[in-house]
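Dropping the structures in below, format is structure tokens.
In what follows, chain A forms one complex with chain B and a second complex with chain C.
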Partner chain A sequence: MSNATLERPRPRGRGAPVSAEAAPRRRRSGWWLLLAPILAFDVVLFLTPLGKLVGASFADNAYQRVLEDPLVVRALVNTLTISLASTIVTVVLGYIIAMVLWRAGNVTRVILFAVVLLPFWTGILVKNFAWAVLLQDNGIVNAFLQGIGLTGAPIPLLHNRFAVIVGMVHCLLPYAVFPIFSSLTSIDDRLGLAARSLGAREGSVFRRITLPLSMPGISAAGLLVFIISTGFFITPVVMGGPGDMMIANQIDYYARQLTDFSGAAALAVILTVMVSILVAVYQRVLKAGGQHEDN
Partner chain B sequence: MTASVISAESIPGTGRAARGAIELRQVSKHYGDVVAVDELDLTVQPGEFVTLLGPSGSGKTTTMMMVAGFEDHSAGTVLIDGKPVDSLPPRDRNLGVVFQNYALFPHMSALENVEFALRMRKVPREERRQRAEEALDRVGLGKMGGRKPRQLSGGQQQRVALARALVFNPAALLLDEPMAALDKRLREQMQEEIKTLQKGLGISVLFVTHDQDEAMAMSDRIVVMRDGKIVQSGAPEEVYNHPLTDWVASFLGDTNLIPCTIVERNGEEAVVDLGGLGLAKVRDRGASGENYAVSIRPEHLKFRTRASAGNGCAATLVSSTNLGATVRHRLTAGGHELQLRELSSDRGAGIRPDEELWVGWDADKAQLLVLES
Partner chain C sequence: MKTTNPQHPLLALLSIPAFLFLVIPTAIVVPVALNDSRYITFPPEGISFAAVAGFFADRAWTSALTASLQSAAIAVVIGVLLGATAAIGLHGRKFPGQPAVVGLILAPMIVPTVVLALAFYQFFISIGMVGSIVPIGLAHAVIATPYVYLTTRASLAGLNPALVRSAQSLGAGPLSVLRHVYLPIILPGLISGALFAFSVSIDETVMSLFMQSPGATTLPVKMFTDIQFNLTPKIAVSSALLVSVATIGLLLQVLFVLKRRSSTRMLPLAVSAQT
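Presenting the complex of A and B:
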């Protein structure tokens, strides 16, 4: 599609090598002025502090110091495993919700959208404490389980890893639902009809048509959710136990309890680099696995 | 009971030719208060090419969707090869469907698209591949199997869609405006190819289109639909030359409609009063209504000399437009505006500069019809 527009004859600059992306647009001088505000904003409020942070992280042998701290190593491992688990659960649940939204009638769809968006409009503390109330020993969930005689004593549902993942998934769901929903709606309905006319059952239609064609949405959702997951701070505190602290909690600990700012900076850089590497690997894998989805 | 176990269908070869009958009995489709299809009766004989022709909203696509099983009908029965299929899902109806934009699976290669139906039928890998390749060969795309749909041109995508719909030997083929997205030249080529393929396979086809040229070119029978009802059905020439209503006449091409009153009807012929154009003998198919008109196609009007026999009248030439192969003349005659079309190569034949301009037509080319609008 985009190739066709690129191949239109260009009236000028015939011999000059023009990059493919810039070619179809006519250049006007002063276009960069439009970028100036956001550029200034980014330089002053993002790049400068980031530079300072990276600079600070190299002081006082900070990297060696934090990496020798067993609590930091544990927090790093926690961050990766909790984020990964939350991402998988979120994407699976998000996919199911997106499917329901996709297939729902107009009224149901509006109501469901509101329900999905609700976590967006609620503060994370409110959400987490609400879950804490639900999951505590004398909370609704335990009361229900005991009421129907499934257990005699309360099951520990709070202050453990399960609770952290529940709290995070609840916050993350909208980030998974919307990319997946939009990739589902871009699938031509007639593909399903065609598959059925060719002998496919509902299961085959999903496995061979819907699922592969919604992969772009799934991968976008996975990426987004994972990146957001790695920065969770409040949920491990409110819902986790001492063994569920994540890297953000360690940064907080270094900065506020130990007032070791170079250590905190080093942790922040480690987290950023780690996530960047994982994202790069993820995209490489996606590119190799899903070549049919290059647009 | 025992005798019917071996039917024509179970004998290879003989069964093939007898398959593919589609029958609709009193089929209706309502969407709330809206009647999309109204008590439709329609039969497609084995091996027949039947076209549902109508403007958008005439119910033709809905009808096809009900045959395919994508839409439930509100009333009536659909039969395929004599068996009711009302409760069968699309996958068990064994019909090949080609959609308007082909609906090829974009993430599969052409070959995988064609293989899909065989995969669903659990055909072993080797046989599956072989049959899919044969099907692609049949539509002239033997070497394109590895390409993804978006790497194929519109015409090639159309052929893949055809191969995909035919590879599992369906009872019949349903085509929903399959050429709407192609340019004129390619469309004409594909029309011929589809027709050849259909004849070669002896498969029955239910074809849906709003393009009357396409319907004329391909069909054994045209079923003209309007507002969910069949308004006329018959062989292409029959429907074109002998429309029953002014709506059918205009939908199937240009025509001259001259309001008339009936003087005398007897069987196939009628004598009508064309007002300013006088009395004329015309064809009569027995259509009845309140108001009548006579339809004469522009190519059936001829310049003539006054002396020659048959229907005719004096006319004045208003304008002439060269359309390439043909020339269109606008005339007035007896208070009516008329169109006359002749081949460019015959331009002006029959015109005598020294005489009054006179146009005429053969009685069997003028059709009495009901004026609806």
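Presenting the complex of A and C:
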């Protein structure tokens, strides 16, 4: 409280003693100096480029032009279907992993955490390269499938939608595990104990206690993963076929192949607006779920 | 403590493929790079450093490595300076417009990278700043700064603002407050923030791809360009280098988490860097 009054600008300073007034003023100006660099940097190198982008998107009837392009419509449909499929797979796998983490002892938990964080620290190209090695015609997955006699000839596992989803899920999993894990840890252990002592089986404890109480984590994870999915650019190129291009690839195509800046800008604005709406919903969900992670 | 929730056998069984799915791709990268074959295969046929030697003898790849390190250096220096000053400046303060300032600081994390790539591409062309690593490093700094801000803010959470005021009332000047009050407390946050910033920059592909030029092609861009034609041993070596960096980052993070005993504190918050 006293803190706030000290730092508020004080309009009536005339009668106050000089020394008492000078100290807070010096502190106040120092504080603004600390914020000035980042504000200046973000205004010049973040807001200005984005502002120019938005400005460019209104030239040449760009919005109408791109939305009438069948390639764009296809990329939008691809983005939605691929993102949705990746999100569902990611959340299911993420839930399983989060449950194991939740129930693990302290040492095991740290090791498993490291395993979950490994793909997070690894760059996307490295991950996609590794998947390309695994999924290629003479790769180990095909060798395994042939070895167990499931197929005689190599199945094309690369350069198709399956590969794109595999590559994306691998990148997205850490983002699903953490929100779900943090909602699981906020469940009171005694609820499960009480249910079991009253004769509930594992299955019904999960269905009637764990799952409903971790719903906020699931919806947060789902939204976050979907938001990240919509911006994927590298994976569709490296692991997909020509029919798997997403909206980010279309932006690249307009900018660097067609050199149609206004068209590319319009697409970029459409993607950003979509993502911003989802982010707003995501923050709502986080608040409603009572997760204390304020980021 | 966890005996109340024993691991369910069915769950444990289900989780094995999930964990293998997470680990295997990263685990094969180094063996693939050391494979004694002209082709990319796994499992490797024998151990050889021929591909590594080939990588370091190839000007195109070594200059890509240099470009990546230069852009990461720019991103780390700017990210640490801006992120740390912002976290200190906002610590323990409430003022009108504060949510907007925090929102602006964090905003680069939620804008899709491809959108930023396009915006920077246009912007740097329009101001005639093309053909060097500097615009790429600056772009990386924009997305790296929020990470440093967040890690520094997290390490400041335990600092009572009253401590700062008492230091000041005892006659400490601004620099001496920074050095003796803030610096010791934010140091772990600064280090992990710098690590994040380095990792974000060294792996970033899309912005670097849009802004590439003959002298400024980073490692991921070179990999991305080559991978579309063929899987080559040099891509494998480059991947192995990046995986080594990732492993160091991960180990430091795990040590940090162990020391702090707060496993949820270091959530991966990134939206932008990983697409």
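Criterion: the second predicted complex is superposed on the first by the 228 of 295 C-alpha atoms of A that agree within 3 Å, B and C clash if a C-alpha of one lies under 4 Å from a C-alpha of the other, contacts with A are read in each partner's own complex, and residues count from 1 in each chain.
The rule we apply is simple: contacts are C-beta pairs under 8 Å (C-beta built on N, C-alpha and C of every residue); 3 or more make two chains touch, one makes a residue touch a chain.
It should be emphasised that the depicted structure is a prediction, and the values quoted were computed from it without experimental measurement.
Contacts of A:225 after superposition: neither chain B nor chain C is touched.
Between chain B and chain C, more residues of chain A are touched by C.
By the touch criterion defined above, A:188 lies against chain B but remains apart from chain C after alignment on the C-alpha atoms of chain A. Of the two partner chains, chain C is the only one that A:279 touches; chain B does not reach it. Contacts of A:140 after superposition: chain C is touched, whereas chain B is not reached.
Of the two partner chains, neither chain B nor chain C is touched by A:91.
Using the contact criterion defined above for the overlaid structures, shared-chain residue A:200 touches chain B, although it does not reach chain C.
190, 193, 293 are the residues of chain A that lie in the contact sets of both chain B and chain C, per the superposition on chain A.
Listed in rising order, the residues of chain C touching chain A in the complex are 1-2, 4-8, 11-12, 14-15, 18-19, 21-26, 28-29, 32, 40-43, 78, 81-83, 85-86, 88-90, 92-95, 101, 104-108, 110-116, 118-123, 126, 138-139, 141-142, 145, 149-150, 161-162, 165, 168, 174, 199, 202-203, 205-206, 210, 220, 223-224, 227-228, 231, 235-236, 239, 242-243, 246-247, 249-250, 253-254, 257-258, 263-264, 267-272, 274-275. Here chain A touches chain C in the complex through residues 3-4, 6-7, 23, 26-27, 30-35, 37-39, 41-42, 45-50, 52-53, 56, 93, 96-97, 99-100, 102-106, 109-110, 112-134, 136, 138-140, 169-171, 173-175, 178, 181-182, 185, 189-190, 192-193, 202, 224, 227-228, 230-235, 237-238, 248, 251-252, 255-256, 261, 264-265, 268, 271-272, 275-276, 279, 293, 295, going by the rule given at the top.
Within the complex formed with chain A, the chain B residues making contact are 68-70, 89-91, 93, 95-97, 99-101, 103-107, 116-117, 120-121, 148, 164-165, 168.
Listed in rising order, the residues of chain A touching chain B in the complex are 188, 190-191, 193-201, 204, 208-209, 212-213, 292-293.
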